[in-house]
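To keep things simple, chains are lettered A, B, C and D as they appear, and every chain counts its residues starting from 1.
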Amino acid sequence: MIIVLKPEATEREIDHIVDRLRELGLKPHISKGEERTIIGVIGDDRILQNQPLAVLPGVESVTPILAPWKLVSREFKKEQTIVDVSGVKVGGRKLAIMAGPCAVEKLELTVSIAHEVKAGGGSILRGGAYKPRTSPYAFQGLGREGLDFLVEAKKQTGLPVVSEILDPRDIELFLEKADIIQIGARNMQNFELLKEVGAYDKPVLLKRGLAATIKEFLLSAEYILSRGNRNVMLCERGIRTFETQYRNTLDLAAVPTLKELSHLPVIVDPSHATGKWTLVAPMAKAAVAAGADGLLIEVHSNPECALCDGEESIKPTKFKELMLDLKKIAEAVGREL
Amino acid sequence: MIIVLKPEATEREIDHIVDRLRELGLKPHISKGEERTIIGVIGDDRILQNQPLAVLPGVESVTPILAPWKLVSREFKKEQTIVDVSGVKVGGRKLAIMAGPCAVEKLELTVSIAHEVKAGGGSILRGGAYKPRTSPYAFQGLGREGLDFLVEAKKQTGLPVVSEILDPRDIELFLEKADIIQIGARNMQNFELLKEVGAYDKPVLLKRGLAATIKEFLLSAEYILSRGNRNVMLCERGIRTFETQYRNTLDLAAVPTLKELSHLPVIVDPSHATGKWTLVAPMAKAAVAAGADGLLIEVHSNPECALCDGEESIKPTKFKELMLDLKKIAEAVGREL
Amino acid sequence: MIIVLKPEATEREIDHIVDRLRELGLKPHISKGEERTIIGVIGDDRILQNQPLAVLPGVESVTPILAPWKLVSREFKKEQTIVDVSGVKVGGRKLAIMAGPCAVEKLELTVSIAHEVKAGGGSILRGGAYKPRTSPYAFQGLGREGLDFLVEAKKQTGLPVVSEILDPRDIELFLEKADIIQIGARNMQNFELLKEVGAYDKPVLLKRGLAATIKEFLLSAEYILSRGNRNVMLCERGIRTFETQYRNTLDLAAVPTLKELSHLPVIVDPSHATGKWTLVAPMAKAAVAAGADGLLIEVHSNPECALCDGEESIKPTKFKELMLDLKKIAEAVGREL
Amino acid sequence: MIIVLKPEATEREIDHIVDRLRELGLKPHISKGEERTIIGVIGDDRILQNQPLAVLPGVESVTPILAPWKLVSREFKKEQTIVDVSGVKVGGRKLAIMAGPCAVEKLELTVSIAHEVKAGGGSILRGGAYKPRTSPYAFQGLGREGLDFLVEAKKQTGLPVVSEILDPRDIELFLEKADIIQIGARNMQNFELLKEVGAYDKPVLLKRGLAATIKEFLLSAEYILSRGNRNVMLCERGIRTFETQYRNTLDLAAVPTLKELSHLPVIVDPSHATGKWTLVAPMAKAAVAAGADGLLIEVHSNPECALCDGEESIKPTKFKELMLDLKKIAEAVGREL
């Protein structure tokens, strides 16, 4: 940690700061320059999170040096994490394609889309049973029944299932019925939910919040790992910007950045990122080219009747074509589908 | 709702769209221009939230005309809502000043700050017992014990208490111990929590999310009202932008905008908005000048030892001075303190 | 254009609005719904840019239907524009790779980098002679001499040259010495400069502004085309967001979106977009996968001594490796390098 | 400047970094911690702007300590700058109110609005002769003739005049006819224009760019001061965010922040910041409460016929009322109107 002092900081103020640092078990090193005095502090920045050093008289700024996370970092664990999702490996050479409807609506439809996803080359079935909708008047999902439909689709196709949890009180249900518990963008900083899923070893797909920095994203993952659950996958799904042509701005630079900073697998969701089915294919291709470990794609056999996010769903035939294109790009970057 | 068609839309596509609209019980009006055909749709836009009309062949764009909320709107209820917080009225001519420490730490300290807040002219005591912290290694709050300290402070000063809930499983505790249940920025779209607090008539202070639009903010309030709880106060607390000089960018234009669109009281939190105690006073003054119904201010008698957000807390003496200045500004805009 | 009226709009107000529209030569169509009256206006939205209809009494909102641009649109010109840059075609099946140093520093260095760029497979040499620097104390470029070095490099390698103009008074110089005149992000809305380059037929590379919407970006291009110059290439180079891990956030969804809305070629600059050389390769690959028509890449043989943006420059060996990878991705999406 | 090394940095790399720093005339201080080695560098950070130290092998990050500006800083000049605009003082106890039409349209109208501005208590007349319009098809201003109308209005009312320059080739014209040269938001980083106005001592009103950080804003002002012109006024006019209810998000925390960092006067433009006349009054009040030294307000006697930005213009009667309210708020914060 680096503490920069104000030009007018007095000796007494400096002494007070140094005393305070020593009380906290830290070793301050003072460097006096012509324009500023700087105090370099050796020790664990993390124990300082509860200490508002910036308010000490004479302090101009405090800059942490060490990353505030630990368990999620590449520095802590060099080798890439590979999450085992009921037999499907996520994070290895082979890309994981998670596809399916935004919301689970009917049993037959769910099963038929699952078959299409499998036929197209998808390895995991996605489907929302509990839906976080901006408006209270929008379809809120089938709930428990939706999860049962996914379980049935899994039984028939063998595809493991990912579905979003909204309420910590539903944890038992998800442990039983889902293969991956998804924490959605709106809940990325729902810390009680993070702690809840952190208490088990069930794989978790953690989506980046609408306006979450990479740092906050990794700290939310750290919440889960610090509770004991190491099976976490990160998911970039677009961030909020001023641009209104698409729902969000897909931030693909996050992919190599997250992979450099962390050992966790990185998935990209081009469907929610754009909110437009015409952009799903180019962004899926770009994500694979950028080094993503997998994709989360909305597929629906009848988008114009979908109860949720039909605008961003692609049809099974488009999905199949896309998979063929992705195969070539995956090979070009040393991966396979 | 206005549906704009693509220039190349065929008659068959137009017929299909019109049929679909009629199936939904809506009345389409077609206007053919030189460059585009437009379909105006009379009827309730809200029932369309589950219908992805933009994917119908031939459609270029769909623009809703009516606001997607109802109960929170000024159109639905013309007169200003005044929330009664255990006797303190919020939303009337008199401004509501909610002040206190970011996090509740010790009983004595809590009680002494409460006395200072009261002496300065504050009308409600704020204090966090459960703290949503970005890092799992930061102080997470005292929990239930913290709420008890607030109850004790209320007993000694008479100040009603506002505190933040994080987990729907704590609802009973908050119903018993808090006078206002706060939903923090990170939980603005934690819809399960919104539904939970919506089921009672306990006053709720709903904070705007870090990157929430005015529209999303009002829809989150609509979740609470639509469940039956009409005692909702909105709180602007800064939004996330590219600027790094302050923690967030306080969006004061939201104050008159929210008050025009909705009948709910609007509170401003200059402390979290800026993250710097030096900016609290000017932003508190600006908020009152902009028409806010109240303020949420962090006050701590020893900021440099505060376990949470000491950087943005002002000392009781500063708080008293600020209140004197605010009194003059309140009068200048036809309000009182 | 759609005009939505306030619920309380009076008949007199409606008449006034209708009269005003007719005065402007437009045909209003009135639809009265239960909650709102809507006026659909048939006619050219563009002539309305100088008419503040939203202030007419009784008006709630005005929504344009037609895009505000014309000459740049795919609707106006269906076939893809291919810009001929001194023999190098930009916008066709073959990708255009523009590479070179951020700033031109020395003649020998410029020529040697040009040779490396050519050897690696680049088709156009980039290099800044006039540099728009955030700080007045940073290196401002060699100016005219820098352009001469580029001309010499072109003479020796045959690579056409792209360089940035800052001042309309330099237009003659650029017409003589550059093959492409670059308008940088900071000048995207320097309309006098746009008008200046619009008066010739010299190819222009127009970069998207730091916080420019797609709409503003296309309107800036429209400035150039409307003055007569049709040889415009658009360049996505990252937008400003809250994320601080990289200099900007590369917005790759802009690529297919621009290509759908416009017939102009779309280039991507992964170097300025990220500001980090480690991110240049993954973002270059992603850009090609997303459908870009070319790339603008900073290459420097000794980045640690570069006078400008050394952090984001890749070395010639890296550039060669990248080109081999890009070749495969280009093929996977039906293009060639 | 603080250089943090990678955990795996070798002794050889450290030696190379230290050598490089010494070559640049800087004094490195090395501190070795358990997790990281840190090099504190004493010396002028500013000479490092052309040195990409972050690319040196072994370096993880480089953090500057000193602000990159000098002449604009409060540290360099403690006393508040008061700019003399043809006799009207800006930056002192008395607030400067600059008001008038967005664009100058007709002589009579300009003069009549000028009289209204003066009668209402305004001290400077604003009016655009050259208009930077997003669309090439929008009214571009009257140019030289518009400046003449302003000169005439000044002659009749005695109000000094502020008008925006777009092209460095117009400098002579502005030196002759305007009392303040305005650099608009879109030109905040048009460095050639900054250098041009920096060469004279004519007062300059520099507007913050749409997505400019405080740091970039001050550096643009530094461009002007470093060329010799000390008569610079800063103008906050809203920044671009995701919110679409208003044109921009007025960032009032910038006011006390700029005044703390710099000695230059700070003006606020509530009209362009919001783009809605209903928000002008509350934001003007908030700006004064936040400590602004003046306001820039659009006033038009017939907004519905204004050729530019009629939506955000207030009528002269509203302006007068607003001035009365502002007087009270100014007094409440120790200023006068």
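We adopt the following convention: a contact is a pair of C-beta atoms (placed from the backbone, for glycine too) under 8 Å apart; a residue touches a chain by one contact, two chains touch by 3 or more.
Please read all numbers here as calculations on a predicted model, not as lab measurements.
Q: Counting C-beta pairs in contact, does B-D beat B-C or the other way around?
A: Here the pair linked by more C-beta pairs in contact is B-D.
Q: Select the chain at the greatest separation from chain B, using centres from the mean of Cα atoms.
A: C
Q: Where the CA atoms of chain B average out and where those of chain C average out, how many Å apart are those spots?
A: It comes to 38 Å between the two C-alpha centres.
Q: Go ahead and note the Å separation of the Cα centroids belonging to chain A and chain B.
A: 26
Q: Could you tell me the distance, in whole angstrom, between the mean C-alpha positions of chain B and chain D?
A: Once rounded, the distance between the two centres reads 31 Å.
Q: Multi-chain contacts in chain B: which residues touch at least two other chains?
A: 211, 240-242, 244
Q: Spell out the part of chain B that touches chain D in their complex, as residue ranges.
A: Going through chain B, the ones touching chain D are 211, 213-215, 239, 241-246, 249-257, 260, 273-274, 278-279, 282-283, 285-291, 325, 328-329, 331-333.
Q: Any idea which chain B residues touch chain C in the complex?
A: 2, 4, 7, 29, 31-36, 38, 40, 42-43, 63, 65-66, 75, 240-242, 244
Q: Touching chain A in the complex: which residues of chain B?
A: Going by the criterion above, the answer is residues 20, 46-47, 49-56, 68-69, 132-139, 166-169, 186-187, 189-192, 209-211, 216, 219, 222-223, 226-227, 240, 277, 303-304, 306-311, 313.
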